[in-house]
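Take a look at the structures listed below.
Consider the two complexes below, in which chain A is the common component and chain B and chain C are the respective partners.
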Partner chain A sequence: MNHADNPLLPREFRVSKIARETHDSFTMELDPAKGAKALHFASGQFNMLYAFGVGEAPISISGNPGNPRTLTHTIRVVGPVTKALHGLGIGDWVGVRGPFGTNWPVRESMGKDIVIVTGGIGLAPLRPAMYEIMENRGKFGNVVLLYGARTPNDILYEREVKKWRSQFDLHVNVTVDRAAGKWKGNVGVVTTLIPNVHFDPYQATALICGPEVMIRYTVIELRKRGVASENIFVSMERNMKCGIGHCGHCQLGPHFVCKDGPVFRYNQVKRLLDIREV
Partner chain B sequence: MQTMRTYLEEHPFFEGLRDEHLELLSGCAKNIRVESDEYFIRTGKEANYFYLIRHGKAALELYHPNRGPIIVQTMHAGEVLGWSWLLPPFQWHFDVRAVEFMRLVALDGECLRTKCEEDHELGYEILKRFTHIITARLHATRIQLLDLYNG
Partner chain C sequence: MKREDPPVILDSKHLGLLLESLKKSGYLTVGPTVRDGAIVIDEIDKVTQLPVGLTDTQEGGTYRLQSRKDAAFFAYNVGPHSWKKFLFPPEQRLWTLKKNGTKFQFVDIADNTTRYAFIGVRACELQAMSIQDRVFQNGHFQDSHYMNVRKNIFVVAVNCTQAGGTCFCTSMGTGPEADTGYDLALTEVITGSLHYFVVRSQSRNGAKVLEALPHKPATAAQLKTANEMIAQAEHEMGRSLKTHNLKTLLYENYEHPHWEAVASRCLTCANCTMVCPTCFCSTVEDVTDLTGENAERWRKWDSCFSQEFSYVHGGSVRVSAKSRYRQWLTHKLGTWVEQFGTSGCVGCGRCITWCPVGIDITEEVRRVTNGK
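Up next, the complex of A and B:
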């Protein structure tokens, strides 16, 4: 096995672009070292990003799977690794292992309606799915994106979300928990949007990403609309170390989130959703 | 042309209500229009009406002395606005502004209370529907308290 094929060894990537998203999150684009191969990935997969001298964290890929030459990650600063990544500048090096994990069932859902429900940083792992859907728009029925954030200042990819909202073939609804008087969008939790949105619950695939508490309430509303639990997919987070199913760090009941997930059919994890860190 | 009766009949809030009750309610109802950015409910003012939203979007606002108006909920076509007319002191607890041009049916609270006192079956139907709305609102507020997007 040569260096490039060993999933435990990080490959070097250079920071090529940094954009501030919100007060605590940013998007970073990475290019492979000269002559190195691009990392092909599927929507929903993640990389282990290594901040040299500090450590590694699993971060979803938030860019376009159709353009694998650039690796895009959107990162919320919460602790040492994400803080170190935030401190990097253009041209600095990042170690990358991956891509790892399962993907959103976008191709498998062709011919059906798609309902995406997400909150906060959860839009990042779903943005590749949005790109994939938009590139094959004619192959899906209604496409709905329901996105919740705490305040208007916490909305990710604001310009892109506005563009999606203006498209006649997408139904995009953004809601916040509270807003000042100027805000023209919705106010209320994201789950309150589900009862009135137009899609065929018997012919729909639902993709959910957000904190577990949001997942739980979203599933309840989708089930009330008649979406079968086998057509609901959720992305789960657990602390990780190896990322390849060896160390057991990310165990969730009988599953390893790094290998069997992070995208699970809701049926697979519904009994485990109450379990915190195993 | 649509009559008040059909507006009521078509609104999800009155789904399944008996004919004679819809007829009674029509007598308490009127159509109103609100321009974008206009306030049509003000905190502390008498709550004489509740509203069925037929078109447009409304923002429920609470006034914060340092931060100005804070939107705590938005409401859309198909929804019902206001239950302060039901119980004393019949006063609004928030401001409501049309975020965009709105068409509403306004139901006169006093007229309705009188009819509900006279016909308890109608009163029970109305109360059941409002209880459902109040419960859903309480549930949504509780979920909101969980800070859903913050891990």
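Up next, the complex of A and C:
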């Protein structure tokens, strides 16, 4: 079996760009080794990123699916692997396995309104969906992005978010849990934004990524507005070792989050989200 | 390809020739042998290394070897090992990586080219292998390590003519007779002074090996005796499990109080997952050598009974023992069906026998589903 067919072998990518996002997160661009093929991906998919000798972590692809030559990842530094990735410089080597998992139903939602609700680092896996939507803007109805961060300093992609907010064809609302100083925006959890935002609940697809509690409350608010649960999509998170349905770690009831997810139709996981410790 | 030749008789004194013939064909022969008071699976060169004249008694949390009055080779039930240790080893190097200037190079993809002959595979274990096939080679992604070994094995199955105290393969529809997935299948018959095997071959490889051994056609009477002995095993099952509607019943009982009761006894020692022939969970370990120039990734068996298993930043998903036991049992008998189109349990009874506190999957299911 050659390298390309073996899903257990990382491929060689080079760090081509690094940007600081917040005090604990950064965005890294990776290019394939010379002569190697690009990895085509869809919005919502993830890669297993390998730091030499340290280990692997599942990280969503946060770049533009229309430009697969560059793999963009936004990473929050929390432990050994993410720390090691943070320690890399331009030209350094990263192992990549992927792309894995299911994607946001962006194409399938053409002709409808899109409501994106996300918190913290959860914006990263939704940015590819934003790019896809923006590139086909005419094909969607209202496009709403509701984004919650802990503090104003925790907002990802600050310049891009600012640009989106200034666009007449997007409704972008940002809120923070707590604010000090200059912040003039919303304060409070992201779910409080849902009741007042303009979209057609009967003609909308909702895409949610964030902690499970946030998902639960977001769904409640969306359902109150009248969004049907089959039109709500959520991205789930579980421990992952293999990414290919072989190691068992990512199980959520009958689902392997790595291959049946991370993006699920809410109906698929609804019951499981209501049970503790599944 | 499955083919079925007329069954033949191999005299017990020629069993050694079978081993020799397999070894001559380049197989590493592995089979049951006694170590530390239990019948384990290991490399065997001669039939005398088999557990000749021994049997076992098994109960919840209990395993004992005993002698028999005869010189039977296979008159016991499954022990703590299973064949998965060869196909999906407890520890396995997945690859080695070398820093080469600024380039990185995979220098070893650890392709195991050993050709194993499995001697004495029981019907439930054949099914366990076919279940792991679904996990490692029949899905969207294939595991080349598993497949490399899998494609080369020669399987000598043995039909059970007695059942153990923790066996319930008839409930799971997996035994006691091997029906598919073997090269040769033996039924050991001892009556009076006669000691022989009824042998069926199911593959070209099997037929070839059999051809070279002294054998004669089986008579109707011999076949009848063999069948009766297998039927005997069917009636001796020490445990049973109702599988009808089980997946649904388990899904409806995620919050049943009995999970808590099991958890109060469970030591979360993971014995049950280690002995189970279908459990496939693993973790990986990444290491570097002292120079920092070479890195390796190892895959090791893991268990849903450990708290770290479900760790995500900020804490584990399954903190309580209750949630971990529930995950294991519900996976085995419920969610597995959705994932792989088959139950994850073959009824081998190992998890019952080797649980230090005798927790019994069949009994816990009865409680959790209120006996339905």
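A few remarks follow.
As a working rule, the second predicted complex is superposed on the first by the 271 of 278 C-alpha atoms of A that agree within 3 Å, B and C clash if a C-alpha of one lies under 4 Å from a C-alpha of the other, contacts with A are read in each partner's own complex, and residues count from 1 in each chain.
We take it that a residue touches a chain if its C-beta (ideal position, glycine included) is under 8 Å from a C-beta of that chain, and two chains touch if they have at least 3 such contacts.
From a predicted model like this one, the values you see are computed outputs, not experimental measurements.
Superposition model on chain A: chain B and chain C are shown accommodated side by side without a clash. When both complexes are overlaid on chain A, the residue A:241 reaches chain C alone and has no touch with chain B.
In the superposed pair of complexes, A:184 makes contact with chain B only, with no contact to chain C. Applying the stated contact rule after C-alpha superposition, one finds that A:52 touches chain C and leaves chain B untouched. With both structures placed on the common chain, the touch criterion links A:165 to neither chain B nor chain C. When chain B and chain C are set side by side, the one touching more residues of chain A is C.
Contacts of A:251 after superposition: chain C is touched, whereas chain B is not reached. With both structures placed on the common chain, the touch criterion links A:93 to chain C but leaves chain B unconnected. In the superposition on chain A, A:150 makes contact with chain B only, while chain C stays out of contact range. Touch criterion not met for A:265: it reaches neither chain B nor chain C. Using CA centres, the angle subtended at chain A by chain B and chain C is 130 degrees, rounded to a multiple of 10.
Of all Cα pairs linking chain B with chain C in the superposition, the shortest spans 7 Å.
On chain A, the surface touched by chain B in one complex and the surface touched by chain C in the other have no residue in common.
Chain A contributes residues 1, 3, 6-9, 12, 50, 52-56, 78-79, 91, 93, 95, 237-239, 241-242, 244-249, 251, 253-254, 256, 259, 275-278 to its touches with chain C in the complex.
Within the complex formed with chain B, the chain A residues making contact are 119-122, 148-150, 154, 175, 177-181, 183-192, 196, 210-211, 213-214, 217.
Put simply, chain B touches chain A in their complex at residues 57, 59-61, 67-74, 76, 78, 97, 99-100, 140, 143-144, 146-151.
Of all the residues in chain C, the ones that touch chain A in their complex are 94-95, 97, 99, 102-104, 106, 109, 135-136, 139-145, 254-255, 280-284, 286-288, 292, 295, 302, 304, 309-313, 317-320, 322-323, 327, 331, 334-335, 338-339.
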